């Protein structure tokens, strides 16, 4: 008899009796619900649920059977569903970075401190600036430069790494290249990006210089799932930091880095803890 | 056939099947669950649930019967439970204040703007400073001074007002008198207080002067249920505001007032929306 | 011999010796500097200074002569300068509003509490919804509707009120009409507006619905001086408030109102305390 | 002719003409003031000033002479003063840690990213847990355990390291030992500590468990100069992070670490940028 911790995420059109149906199912399977969160988006008439439970199985076969039963029931109810046993299958994560170290190295530090339940397969960059810092910390570094401006070729190589290492989650930790829709599609809702956000928004180059010239009082960061539409995917986490006229563009950028790495870590953690459900271009992030 | 919006709050010792039991009950009563939140405090082995649902009743008698059925079931399961129909019985609120207007007048403004689902029966003060501002806004003002230092007598008069007006919730909006345990007991978990909070804490008079002298960088406010133990009741909401050496004690106090009224309003709103469950000296505040 | 508190704000091209020049001048006038703040924007090569000082004058003539001397010196140095004696000439403020009360009534409450050093001449609206609440609080209310869609005519009437009442500062407290460049020009840097801000920005109607659909995690507000370019004037203050998927568009709007009124009050207060200097499309706000 | 960037910090009893005196002196020395901040604490009748300026010297002797002249003038005026040439003499920093890595490793990462203008001489711990992580990053690690409970002996060894390496600033990055007054005295205002802060405060062991049991809604951190009075020295920086009933004691502790490392880095940076002046048990931190 082994105990398994499980997380079930559901999304479906709302209707009476949904909570009762699901909890009756789990009760019948002798699951012990330890945490549950529901949300109904009345605007979209959608029902979302995240249930954490403990289940005891007599054998691996028994556990598989339980999984099947839950899946069959959810299918029968017309639900989108994901069931995970978080302690049994750590996700494999790839971090893509460029030259800047604050975001990728912060993730490594949190991983080392035991805060991120995952395996970090490698940090990949189109530059070598971070190689020493990454390998020093005991992580694998892969250099995949863009050669002769052939970005498609570089992306093909990245893709092979992702596939070879069976990567579940790609984290763009200030990776300064745009991914093609072809690369994004297979990792739908499994690529997380971070970008700075300003009020008002600034188009064009050197946003921190523009922000400085405009005299903004807040610098923000937004992390989101990557979709074909650049920077327009479902938002996972956001935060801001206060700046003033005394902050040079460089100081604004430094404060921006602080909020970026915090917001990226929050998003990655929420993903790894199976707390996110998406609907359309929006997330429900259970706390 | 009338539709009734209901909110059920439950607390009990955790055990397997709780969620299933409750949702089966509601399903049987043909309730349509629109929002639900559970929490298990593993430290205390306590289960907390807040369920919002719509129920249709053929008659007032039918609705009463539904209420009874839910109550009987919860009793049977050994739960602490509260069932409310928020649209049908607005809570009656009394605001107690002293001289300072920011907290009580802010509540009146929010009430007038439709943000607080309640009836405000009166504002009572031991001073007359606020009389004009309260009555101008169209609310009743009661003056109950402490005469000949006889605080027990004044409290007895306050109590008669609370009883005569069938007050459900007492809000101490910077009421500068300590309530006796005799007054607190009958309104257990129905008296909300706000006080400023400092890091570090300051004992004694003129805390803002002390905070200024100590050079604190944050001014905080804490709202909580009042218990016999002054300022030690279950915390409902907290927030802080940033200050610097440039803030005089008066400026700190002004910023402190801003955070106080915000935090008090958050606590009152959470209470009125039936989002709080207490356990021991702690709250679970569902969002 | 009377003591006068004065605030001098300066902006000019940076050069060595500026601070020495100004402080030698003030020393010669026997001013006692109680607070001073400088800032050099190296990007723009601009120098900004705010000096608060106490000056003693033997007579009103003497005080006027001091004023002239400071002005003459600043002109000689090629500076933009403003000298004010804040305790002697309270600014006259007009609040323009529409139907929504949170922003204008919050300003009245702060004014009543002594937080805003100014005279509030009137609250003017194109609707009558706020009339009772404004007059109840003892302030003058002016109704200037747009008749037959003739906005120019309505604006001409507003302008006459502003002139007749010698208004120094116009606060747009959620006034939902756009002012024409003709009205804006004479009150350059003396009209303050508040608007909500989102990350990302939303164009078009019903921004809170859009924000809800997009699943944003922060709602912001920006206050700024009004220029001919709608919502593009120099930013004075900004802040955000946290929201989640649980917030309906209405709840987001309510939280948005909380941050709007706070940010508007901060901006108005900074203006009234002579803490703002503008340069181009940017502010320096001394704390 | 060489240009030297200098920062002068002053504190003295307030009197008229102070700003004029200082700026006349700097003007005579042909200094170009690039930033200046004054503050008068009317409560204490104390004047504080931080001036950043560029000075050109024909030779090292000339520069020394300038230094002497400034010093002599300040002494003559009865001021406490510190003059530093930040680009010429990087401070030497020692980080003291125990087992926890988040605070010391975060400082190393910021140093590596060029955010902290200093030399980090070593990380010293009474445990070996951090050795690999520190040395991997290319920094020196010193292990100084407490042997046979002889804390005085261990402290004597620490002191020898501090003296041998001519340490200017000691950062206690979650160093879990209390320093004796004998060690603190010579590094007065040159030892920075970080500790978590709670509203309300908790005495005794396992504060996060206590905070969890009390249901606090905010977790804070305070960084301060170390004085003989444990945790009571002048506060440099403070911040908080939001928590809820859903946060286990472990999650609270993780969030607490996030705010601790941010607040510690802010304090260290403010110190290294010569932005702090202390008076009594209070700091003025210029922005």
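Think of it as A, B, C and D in the order they're written, each chain with its own count starting at 1.
One rule holds in what follows: a residue touches a chain if its C-beta (ideal position, glycine included) is under 8 Å from a C-beta of that chain, and two chains touch if they have at least 3 such contacts.
No experiment lies behind these values; they were computed from the predicted model shown.
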item: Farthest-lying chain, centroid of Cα atoms versus that of chain C; value: A
item: Pair joined by the larger number of C-beta contacts - B-C, B-D; value: B-D
item: Centroid distance [mean C-alpha coordinates] between chain C and chain B, Å; value: 36
item: Interchain centroid distance [CA atoms averaged], chain B/chain D, Å; value: 42
item: Shared-contact residues (touching 2 or more other chains) in chain D; value: 39, 42, 244, 246, 287
item: Residues of chain B that touch chain A when the two form their complex; value: 16-20, 23-24, 26-27, 30-40, 42, 242, 287
item: Touching residues on chain B, where the partner in the complex is chain C; value: 101-102, 105-106, 109, 112-113, 115, 133, 136-138, 244, 246, 254, 257-258, 262, 287
item: Residues of chain C defined as touching chain A within the complex; value: 39, 41-43, 197-201, 212-218, 220, 222, 232, 234-235, 237-240, 244-246, 248-249, 280-285, 287
